């Protein structure tokens, strides 16, 4: 169960309007790596978490904080949309900057949203829940959370270089710091999982090694001419888990012949090798 | 530029048909964490990679291999779809197993695909390219690749427990091993990036610390009653990058007042505080 | 800013597992009219609301409550997924009921979600944010909210008839009651908007009547043979806003001739009437 | 069965081209609340309607009219796309207005559509059928239809303020009037449903009150500090259906303890409390 | 402008209910190649058609007919949904056939649609408008229309083999015939376009041959070992347009060196070859 | 199994940057008719092809080539994105051309892709796999492949007219030629299928004529006033397959009465004709 404070976690007030930047800021609200993603991802991971205590608490705490970030960025976007050029005549009468804003803005902000933030990305594509994963395996998911915060902070740092507005930059400074914290936090949580003896790498650790073809589990297969990739730490030396040594296969071979499919069910009217000629006999000999 | 071998990287032949399992296997073909995702993700990361040499080679090699996995799983699915019950009458006349297959299969396999694999997930939703990211920052993307292989191997291991077919299990053993290798590989590549002095954590390392609010970069904010989360490695002690100490804030405060938005552009016909009464004056005093 | 309570707003515990019903319950979690929709819709409407005070508070309060409903239903689904048949062999060995569960369940619950709830609808299609609207006009949006709660309660009442599980039914009773309250609430809020002199019907009331073709604003156009529709309250008598009388046009006429488009830009290589014959001259005379 | 007149219901001819406005006009063609939505929504509601006579006729008549609106707006958009700047050189050589048109237009209009209208919204996202609902319950659906026409008219009125073109404005005047009529019509139809004794509020009226927790059906739950929402008509006084009185709960409580999930099926390799330590025993005591 | 007849173009009445087949039939209503696709595709092609007269008339006539097919199939589906098992208890108590129907049906038919047809495909994914194309070039589009009718008839013929219901089969016989007619019609229209001197192959015929690399326009490039493809009519002999001869290249070569990208804008924080070592100098020499 | 060459099939180097054109070029990378579509479509058709030999080889060869086109266009786009204006200040300080580029570019190229190509279309919508079809029937699919290459070449030819950059035009010349070859090739393959006696038209040829209503298979139904369509080759004369003569029906009639649906399952709470009045009795008499 949630409660809501009317105050914001951090100030979200630009010094001036900029509808083109409002569109860009949508990426960290409703884009694949935006705040709607991390909020929902951590909450679903938390709700599905079968470990009561610190891990579940961690997931639900941070998911709850991210809901407050959605709120901040929405507020910022709505304020950036003030005084926007609505018509071509406004865009052209004024400075070239107004023309660039007109061209660079998202018309749906005005037609659909009435001058308010939308749950979409910087292209105007709606957020969707395939962006989030809650797999039930905390090691796999914490790895995902690391990259989610890394991708998110990367995007915020790019946006930081796309505006001169001091008020916007102030909020981005806060978001950058939280993304820093959250990267650190998920990395620490990965270590904690190992320390607690709950999960390790490779995921899922509980799947027995003996059931997979172990040799393929440490061999780099080089599918292009040239040996550049052989210079990397993934081509020789110990694997990160210390369980063996990497190997390098310069010319990986195919392990199975060309697949020949049997004729399909005639009730499906696919093209089958049914004629009297060469094709049909070739199939017959290959399938039997 | 690519070339194609007619042989398969590994055998993809079930011992018998099972249309319901064919539907399930689609998850690792056309699902969020399936082979279409890793193939395209690594190739796009490779094409966008600005570092010639081992990293670019690594990305394109592995992306190319994954295309061959798409091929193997497609072939397996098509073979699993043989002899499927097409009609309710077939489903009901036969054993309960046939009824369960009928109910558990994806009708589009037959109506749209004519008995062949589809580029969709286990629910029948088409694969889409928002599943992949190529951010230009290799540290962020290698972290993503770690989780992609972890999520992928997790799904394969679950599917391994959902079938008794020896031929299917044989192919899954191969895929499990390659996912093991790929997890190891991306972890090694992360270390290599650090060693080469190219990238570190938090991402992006090049963004100057001084421009963010550093204190927020190491403080856990506890948004729920109770202190479970305080027991974790993310709540105290050194941060994973060794640059400071985690701190724990038991009752995080709001840093900005309730946001009050100014009246909107009247040409957009939003609901504005325009009447003579209490609401309008409250707004006026808050905004000015 | 939000905070989270660890307790649930209401109990979400089934008496027994039922993976097929878990799939069905997803509709009110991640479907178009599910809890993710109302939670996000009310929150976005609240964040974009330009009226401080009771309306903004209403929207954010109820959006916050709905987040807690997402939590409850997620929890219920995860519990319903316990002990599910993972493989065809399990489905077929057991009772016909197990076969029906196998066929009627969503495989992604296990392969992707590891036995946990997913942010998808009953077909397995991910929730997306085009389901929500925050138009900035409270009258338009409160009307949407009425139907959202009506569609939602309709779906819950149908699900109530699709299960015999006492624990599930108990939670649905709670949700039914909240949907009842919320329908009443949005209807009351519509009246309040009128009373406060902020908005009326038709939306947007502020658009001047004189700028539209008023006669078309009260005339029913009958586009089919027969007069059944003429029997309705929309065909004669006063309009609901009392501003005029409905009229009925039994054979609406076209007001403009067949549109003839000019030849397109030749650089776009569309098919243009460019030959020497009849088509080209017909176009030329029509366009000029 | 349908027939088609070659003439248009109303003239759709701009005085001049404006490719940027053409993009904006797409919102009411292929956007969530555009003409494709209402046309298909009313037709599906009509086809699924189990009441022969005036209601079914109403739905199918108006759906048929809306198909004619799709036609009008398509025609208008195609005409607005004439003489558009195709290349950057054209955009930059000419006036700033041409640059703004270039930036503000949708390139797919030319590359994909060859200078013709597309079934997409103002961002270029394709229309999809999740925008429509035909629930089988006419009260729920007529409420949806009211907001569809309200949202639609709101968007048209905004577009009216985004252009100076007299020909465009003429068509919008017609659409505004029809949206006015349709709002009135659906409101009248709601009253007619009540009068005919077919449906009432809350939806579905036929679900027995006694099966829900009635007290929760009239209580406002305040999930934030402060009492602004208590000032509204939804917080006290009679409910709109006159069946009771609203109540206000200033500090709603949780009715169920923190949910503790049992360990998951080990074949799914989720993270389970399986270790010898504190976590596992905490789970065991909570679950049993 | 359209009008609607209340009668159906052809009878759409099954002899009995079958909710699992209703789900399958959705493929030709709301699937990629279903009736919603052809109806909307032909109408958009017609509205965007710049040739008044027979071609525009053809497109709009057939699009209008297809709207009537949407109506017929919707009606059929709604009737097939009668008496469906709503609950697991019903599915299990009854015959195995009822269990198979339960598992093989789409729950949204009942929860969302109230027992009525939905605008979705056989997996439950909503129809979307990216399924249709109106390119402005009639030759390209008529080719698309040929395949649309071919794919459509293929699906109907498969569905014909998936049911024993005489009433359903009767309607499918009608649809099969119309799809036959429409395939014939679009093939005839392609010939007519050529005869009228409006378009030819390859599309777009108006693009000057001299501006492309003509040799690449007739050479088969063999990207795999083995010469099977050399046996086809595409490998030697005259091209279908008679403008030249096919050629076969057994080992196509790359025409450009490995691409080396310059360092990216540092404000975007991508991984750049900026260190002092080998990588950076390799880049520098390659780019300059 | 695939291998990768580091070299490009053809040079992909612009003479200068142009971020607005980069966005436009995305249409042939990640749009419906772009290279991702043809690559995946041909590969899936090949993997599902049940005819070993020349057809399967053809499909897999060409699919493999198209993967190399994805690579080329990605590389070109990344190079076109160099030196782009990231901020409004840059856009406005400079020439109007920079403003037009700013407005006409896709911000996600920078925020999400870090200056690299994205798997999206020119509007920024991600590619999805519903764009591809592999039906199992080679005649239906080769027809689709013809139009895919026709639509593709049409788009490339339009893009050719949207840029003055010699390097870009050079690559487009190559793509145009390959699209020419591929159109010719699929047309030849259609003839080959007929010659080999494998498939004919209408698709599927194997469905027995006698099972459809043959008369409807050759009759043009004119659903609009006027006779323009009667002038076409589809209205009279022999059908393309020579099996009969087209006929023209000037006023097609409905073959079934208005459908009347029975009352729905009361457990679904749809609106049923249950009252004592006129509606209910009308239904009763119609249904029985």
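Read from first to last, the chains carry the letters A, B, C, D, E and F; within each, the first residue is number 1.
As a working rule, a residue touches a chain if its C-beta (ideal position, glycine included) is under 8 Å from a C-beta of that chain, and two chains touch if they have at least 3 such contacts.
Note that this is a predicted model, so its numbers are computed, not measured.
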item	value
Chain F and chain E - chains in contact with each	A, B, C, D
Inter-copy rotation, chain D to chain E, in degrees (Cα atoms; steps of 5)	180
Separation of mean Cα positions, chain F and chain C [Å, integer]	30
Touching two or more other chains - residue numbers and ranges from chain E	1-9, 32-33, 48, 52-53, 55, 57, 60-61, 64-65, 75, 78, 86, 96, 99-100, 102-104, 110, 112, 114-116, 120, 123-126, 128, 130, 133, 135-137, 139, 154, 157-158, 161, 204, 207, 223-224, 226, 254, 258, 261-262, 264, 267-270
Category of the chain touch graph - line, ring, star, complete, other	complete
Contacting residues of chain B [partner chain D, same complex]	154, 157-158, 161, 267-269
Residue ranges of chain C touching chain B (in the complex, touch as defined)	1-6, 48-53, 55, 86-89, 91-92, 96, 99-100, 102-108, 110-112, 114, 120, 123-126, 135-139, 193, 196-199, 204, 206-207
Chain D to chain A touching residues, read off their complex	18, 20-21, 23-24, 27-28, 31-33, 95-97, 99-104, 121-125, 154-155, 158-159, 161-164, 223-226, 254, 258, 260-264, 266, 268-275, 277-279, 282-283, 286
Contacting residues of chain C [partner chain D, same complex]	5-13, 32-33, 53-58, 60-62, 64-65, 75, 78-79, 82-84, 86, 110, 114-116, 125, 128, 130-131, 133, 135, 137, 139-141, 143-144, 146-147, 149-151, 153-154, 157, 160, 173-174, 176-181, 183-189, 191-192, 195, 201-204, 207, 211-224, 226, 228-234, 239-241, 246, 252, 254-259, 261-262, 264-265, 267-270
Residues of chain A touching chain C in the complex	1-9, 30, 36, 40, 43-44, 47-48, 57, 60-61, 63-65, 67-68, 70-71, 74-75, 78, 112-120, 126-130, 132-137
